[in-house]
Amino acid sequence: MYLNEKYMKVKVKYFAGLRERFGRDEEVLELAEGTDVGGLWQRLITGHTLPDGIMSTVNMEYVQDDVILHEGDEVAFFPPVTGG
Amino acid sequence: MYLNEKYMKVKVKYFAGLRERFGRDEEVLELAEGTDVGGLWQRLITGHTLPDGIMSTVNMEYVQDDVILHEGDEVAFFPPVTGG
Amino acid sequence: MKIRITESPFDPLAEVRDYQDEMRQQGKYGASAIFIGSMRDENEGEAILSMELEHYPGMTEQHLEKIAQEAGRRWPLLGTLIVHRTGTVNIADPIVLVAVWSAHRAAAFESCRYIMEDLKSSAPFWKKETTEGGQRWVEKNTPGYTD
Amino acid sequence: MKIRITESPFDPLAEVRDYQDEMRQQGKYGASAIFIGSMRDENEGEAILSMELEHYPGMTEQHLEKIAQEAGRRWPLLGTLIVHRTGTVNIADPIVLVAVWSAHRAAAFESCRYIMEDLKSSAPFWKKETTEGGQRWVEKNTPGYTD
């Protein structure tokens, strides 16, 4: 890491089985600018890419893992939905 | 007609526009044995075959015009249905 | 299964509630699909004032029962309710109710639609509309499945 | 259009009646299609005692509104009502209600189904079932369209 690398804060939320697995429902993480959704997931589970079975949203919209995050974003990870 | 030709009685019902056109809702007709639904229609409107737009039933079941009638049958003729 | 033809106005939501209360299948069905058809104040661009609904007593009940039984052969249904109005119908009056109960939604949706389409195309009812210009028989029902 | 998420039990037929009373479109709609999903007492062959329904507050409402708006773009709807339960759900409790009003039946049937399928596959709800053996997350919803 370079000294002049810039950082941003994002809120990360977990639901259902993921919430239980991580033992928390949300947290604020500091990430290097330019980090994408897949990069955030690798920060959570080192070395693992976002599995197909995990859905991700940024600011309550479904996204793919190559979406770049920004300061203040709210990210969420969760298993397939089972409502209705 | 032969003297020894046999006859049967059938009840005929008309609904909706047909009822109004015939000016009656039902009647009992005496027909030669072996008459089919199309033959009954030709007796009602001489020389005309049963049009596609008229539905026919025998004993409350939809039928084609070649179904042979029997003593005591209840026949009905009506325009396309418009319920629901 | 319940089939009811009524010359008086009926309350479709109350009919659904009453039928469901008597079903005693609570916890068995996970899906119910309900269709309510009611009288609009216009048809083919012309204002409708009221309507006469004629039917073929005897055949109507028998035919609707046959449709409901066929739906029950095609889908695993736990309950089926059909109510249809006859006689003089006023604007916004409910005309037809079809309600079905099943374990899963696909069966509920598809059987409800199936019953309605069959009812529209073959149950012996006829509508005569009263407009400002007089009375006229409705010539045919609009087509059903569009997809 | 009305979207409601509720942690308390709700009465779907009363919700439909209340919404319809406020619509003031009587005589304009000729068709309403209603779907009610309720809790069954078994799933995948195992008896279910109760269920916890978790959701993503904020996103849930926003997402359901988006589905309802998309349905309104695809079909000419006069009314759309979606109610979904959260929290602790008991056997036979209603879980979801989708009701739509339109001039004709094709739009009503198809939009009601469309909303339910989208809700099932993408609205952020998760079910955790309590069986005699303990608790388990429902892994996925059953597929929707079968025809």
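Order as written gives the chain letters A, B, C and D; numbering starts at 1 within each chain.
As a convention for this text, contacts are C-beta pairs under 8 Å (C-beta built on N, C-alpha and C of every residue); 3 or more make two chains touch, one makes a residue touch a chain.
As the structure is a computational prediction, the values presented were derived from the model and not from experiment.
The minimal number of chain-to-chain contact steps leading from chain A to chain C is 2. Rounded to whole angstrom, the centroid-to-centroid distance between chain B and chain D, based on C-alpha atoms, equals 50 Å. Annotation: 22 Å between the Cα-based centres of chain C and chain D. Averaged Cα coordinates give chain A a centre that lies 74 Å from the centre of chain B. Taking the mean of the C-alpha atoms as each chain's centre, chain A and chain D sit 28 Å apart.
Multi-chain contact residues of chain A, defined as those touching 2 or more other chains: 84. Looking at chain C, residues 37, 105, 116, 120 sit in touch with two or more other chains. Pairs of chains that satisfy the touch definition comprise A-D, B-C, C-D.
Chain B makes touch with chain C in their complex at residues 13, 15-17, 57, 60, 62, 76, 78-84.
Contact residues on chain C toward chain B in their complex (touch as defined above): 37, 53-56, 58-59, 62-63, 84, 95-96, 116, 119-128, 137-141. The residues of chain D lying in touch with chain C in their complex are 13, 16-17, 26-41, 91-92, 103-106, 108-110, 112-113, 116, 120, 142-147.
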